[in-house]
Amino acid sequence: MGLDKLNQLYRAVILDHASNPHHHYVVPDATNEKTLHNTTCGDTINLSLRLDSNGTITDIGFTGEGCTISQASASMLTDVMLGKSRDEGLAIAKIFSDLAIGKEHSAKEVKLLGDAQVLTEIMEFPARIKCATLAWWAFQRALSDEPREEN
Amino acid sequence: MPNLEQLRQDFPELHQSMNDERLAYLDNAATSLKPVAVIKRLTTFYQHENANVHRGTYQLSFNATKQYERAREIICHFISARDSHEIVFTRGTTEGLNLVASTYGEQNIQPGDEIVITIAEHHSNLIPWQQLALRKRAILKYINLTSNGEVDLDDAKRKITAKTKIVAVTHVSNVLGNVSPVKELAELAHKNGAIIVVDGAQAVCHIPVDVQALGADFYAFSGHKMLGPTGIGVLYGKKVLLEQMSPYQFGGEMIEDVQLENSEWAQVPQKFEAGTPNIAGAVGLATAVEYLERLGMEKVQARDEELMAYLLPRLVSTSGVKVYGSTDPKQHIGVISFNINALHPHDVATALDMEGVAVRAGHHCAEPLVHSLGVNSTVRASLAFYNNFADCDQLIKAIEETKEFFNGGAR
Amino acid sequence: MPNLEQLRQDFPELHQSMNDERLAYLDNAATSLKPVAVIKRLTTFYQHENANVHRGTYQLSFNATKQYERAREIICHFISARDSHEIVFTRGTTEGLNLVASTYGEQNIQPGDEIVITIAEHHSNLIPWQQLALRKRAILKYINLTSNGEVDLDDAKRKITAKTKIVAVTHVSNVLGNVSPVKELAELAHKNGAIIVVDGAQAVCHIPVDVQALGADFYAFSGHKMLGPTGIGVLYGKKVLLEQMSPYQFGGEMIEDVQLENSEWAQVPQKFEAGTPNIAGAVGLATAVEYLERLGMEKVQARDEELMAYLLPRLVSTSGVKVYGSTDPKQHIGVISFNINALHPHDVATALDMEGVAVRAGHHCAEPLVHSLGVNSTVRASLAFYNNFADCDQLIKAIEETKEFFNGGAR
Amino acid sequence: MGLDKLNQLYRAVILDHASNPHHHYVVPDATNEKTLHNTTCGDTINLSLRLDSNGTITDIGFTGEGCTISQASASMLTDVMLGKSRDEGLAIAKIFSDLAIGKEHSAKEVKLLGDAQVLTEIMEFPARIKCATLAWWAFQRALSDEPREEN
């Protein structure tokens, strides 16, 4: 197969986000926050965001170490989520998680993912799905009410 | 060692492709491939010899018991234990180490006692001790490594003291591939009245192991990393220690007598093998050991060294590649960890995968060690005697192409 | 159910001899025979798909992980669990039950609390609770059986009280073959704020199991008793319970993050699967389950009942034979225990062995139950759907000859 | 194979010992004693004996439940051991245990086993070796100095 197929995974937009990630910071006065580890490689994503009283995401950022895919994915996520309501955000994150486990969504829904649409190609590289979804899970966990271990 | 190409015929998985490329399987430290002899033995067992062990009063069951106990003898001989009663079958290394921590450790560790391990331990030989220390309010101490990645014996001498009750150490590191000075550590431990627990997961398939010569009190390893089936492993323990220990799990086979209010335990090793064991697993593992003994562990080791002497200098001299640990191939028992420039190991592994090269990327379940190298993760290539120079060449070539892809073309 | 003779072709071990006689394998409760499909699946896995799971960044390893997790899904569906995260792979029933006692039990039992089991339990569902009670200074209570060998629900109502924290019961007895009223016991337990742990070792291969309909909080079983490989089993646990529980063993795969002083656990079920699991075992078990599902568990049950309806009355009416438990074949799920006159079961089993009939003699790891029958041991014949009337006839004939040998000829 | 071969196992002398066991009692004022279980079938053998000050076995008896083979073997053992010295007894028991695990002994040594010589045929019925050796192990354990669980 060789490396040609890699071009499909490492699109220019992905490499751009990875080398110049957007919102690469910890949100000051964050209302919600979650750190997740990718047990496969030891990578971590910390996602922090601020919800205002209307439930709108007024700031969002990420830090942590990771591969091209996980960094790009987190960067794309922050772009998409900024300014969305909590519920809109969760709905979009669910679309992404669903695609990652092979469920179908309409083209209209997929469009909501913004740049992150390109990551759906990741399904061709199943070993990397976890890298792509880590940030989205962190987002869901940060906003969910689960009384689970908070970092 | 028979003709190499002939020997490679024994491993069917070597002869398949991955992502339409020739497969170079370089993840042997994660799990080894299985020779035809082992696969056939499992088939025959399940087709014609399958029965439960120990309690059978009929021929089939008696024979299954005989095969199972014969496996114990074969393994006893393989690691030069004194007595096959010192061989406990487990699921693998992890279970063996947990068994020791939960029984010997639970019984013998008091608040304030010290448990000494090294910074190089696999999580399986770290977390059981960490959690034991937390439960018992004991102290967990880490022996440091030298800049070469070797166990620092001077530091060991400082850390192992009269307060030490247990020393736990890996025989061969699964990240750097170096051999720990087990014998010296055993002497230190014993001089201080402590016991030594050895994680042999990465050693048994690569070098001759003599538990008595090493002075190991316990020695744990996994079948699946030494040509055997999954779900079977071995815990060697000195008989006098095993006899003092309380059982680990409770159920069939491990009791002499059950009364409503209490029970009397069976003798070793049955005391530690509650329930139906992995019978076919033990039988298959015995076949794997016989296969290794037929080759001869000295010859296996020589072949490993030959491959490593070929691969290591080539990797070290590849521009942009940083190899961790020693530059002496003899201190890389089957294992090399490396990184390429600023590339993330996971991205590298995906690229190598596309070229048919199976390697691992990550912390290799040894986070403290990998962090001590100043990184979060590495790429790990690991060899077995059935690999060949073509596998090594394929790795080097794929690394070159990976560098080009990320630094040239797309990036 | 396909043609019976055709189905028997699927089990190679049926077609061999024992002591130069036709083999009548009637020890299915100890371990089942394996169909060709399962043996072939293991062979293919080891030949072409073998790799370690979870941490792989290459195709082979990803596929192995997929197969392993697919096995979880298949088993989840087979026992009607809600979510495949509720399926924990273990070595077998014994380990599953020990896991619950050592984690849930250890965390939730206080001095003075009560654990309620029945007198019919296999040692694997007895000793873990007995030892837990001893460790915690809790009270272990036994529900009695009716004269028919069935769980006495009136006694259960007396024994299960507000002090009860855990009820543990076998789904099907491995000595008498009767079905416990799990649903009623689950309601009793839940009404009193207790959980119920079910030992399904003898049920899963004989009757359809729906853990949700049963109301089971935990349900443990073994692969080797249901056409699967040795060394693999399943613990079903309700997700909310599994999530509260601390890990059982420590090592690779079961942690999110390791620091030198402490660690953060992974989510369920990985939290309970430290170390390399029995990957081929899980994959082979999935094939066994698919085989059973293809037959249909209702049909398997009907076939079992047909065989039992044939064998039980014949055995009961054989002079000198005392059958234990119910006279209703439907209360003998695959299992009949009996004795012959004053003959010792061990002597009987040897004689039957000479006639090619494989049965078990002893206390069947259920000493309290067997003693409650007023004996030290019994002969146990146990059936599977692949047995036939000829097997039953061979048993009856061998019993007649055994009686003659000991009472006539030699004695 | 059928039951013909059974005659080889269940010789008349064995059936005699089993139905009319010798020394079937607990020795009063026993100096040494051991109960062993056969985990295979739940059988038990209790062996008790009295050593005098010269180390001679002046009384020996057994109780417990068991199959034909284990009862006969225990009965034969008591016959052989009565009047022997501790060391002679242990030497004879060792011969028996050795034969059970397939080791060879000279015809002269085997003769020391008395009636129990017939039990060496048990090797043809490996599943029953444990039944035959239980009493001999109990004898060894009763006399050995192992500080192991005493009953």
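So that you can tell them apart, the chains are marked A, B, C and D in the order they are listed, and the count of residues begins at 1 in each.
Criterion: a contact is a pair of C-beta atoms (placed from the backbone, for glycine too) under 8 Å apart; a residue touches a chain by one contact, two chains touch by 3 or more.
Since this is a predicted model, take the numbers as computed values, not measurements.
Trainee: So which one's got more C-beta contacts, B-D or A-B?
Mentor: When the contacts at B-D and A-B are counted, A-B has more.
Trainee: Can you compute the centre-to-centre distance for chain B and chain C, using the mean CA position of each chain? Integer Å is fine.
Mentor: Each chain reduced to its C-alpha mean, chain B and chain C end up 31 Å apart.
Trainee: In whole angstrom, what separates the CA-based centres of chain A and chain C?
Mentor: For chain A versus chain C, the centre distance works out to 44 Å.
Trainee: Taking each chain's centre as the mean of its CA atoms, how far is chain A from chain B in angstrom?
Mentor: The computed centroid separation for chain A versus chain B comes out at 36 Å.
Trainee: For chain A, what residues touch not just one other chain but two or more?
Mentor: Residues 40-41, 127-128 of chain A each touch two or more of the other chains.
Trainee: Do you know which chain C residues sit against two or more other chains?
Mentor: Answer for chain C, listing residues that touch two or more other chains: 19, 55-59, 61, 253, 255, 257, 346, 350, 353, 361-362, 367.
Trainee: Building nodes from the protein chains and edges from chain pairs that touch, which of line, ring, star, complete or other describes the result?
Mentor: The chain contacts form none of line, ring, star or complete graph.
Trainee: Hey, which chains are touching each other here?
Mentor: A-B, A-C, B-C, B-D, C-D
Trainee: Would you tell me which residues of chain B are touching chain D in their complex?
Mentor: My answer: residues 54-59, 61-62, 66, 253, 255-257, 264, 266, 270.
Trainee: Would you mind writing out the residues of chain D in touch with chain B in their complex?
Mentor: Chain D reaches chain B through residues 37, 39-41, 126-128, 149.
Trainee: In their complex, what parts of chain D are in touch with chain C?
Mentor: Per the touch definition, chain D meets chain C at residues 1-3, 5-7, 9-10, 12, 15, 19, 40-43, 65-69, 125, 127-128, 131.
Trainee: So in the complex, the part of chain C that touches chain B is made up of which residues?
Mentor: Against chain B, the touching part of chain C is residues 12-13, 16, 18-19, 23, 25, 27, 30-31, 33-34, 38-39, 42-43, 46-52, 55-61, 91-95, 97-98, 101, 122-124, 126-128, 130-131, 134, 140, 142, 222, 224, 229-232, 249-253, 255, 257-258, 260-263, 274-281, 346, 349-350, 352-353, 357-362, 365, 367-368.
Trainee: Would you pull the chain C residues touching chain D in the complex into a rising list?
Mentor: For this pair, the touching residues of chain C are 19-21, 344-347, 350-351, 353-356, 361-363, 367, 370, 376-377, 401-402, 405-406, 409-411.
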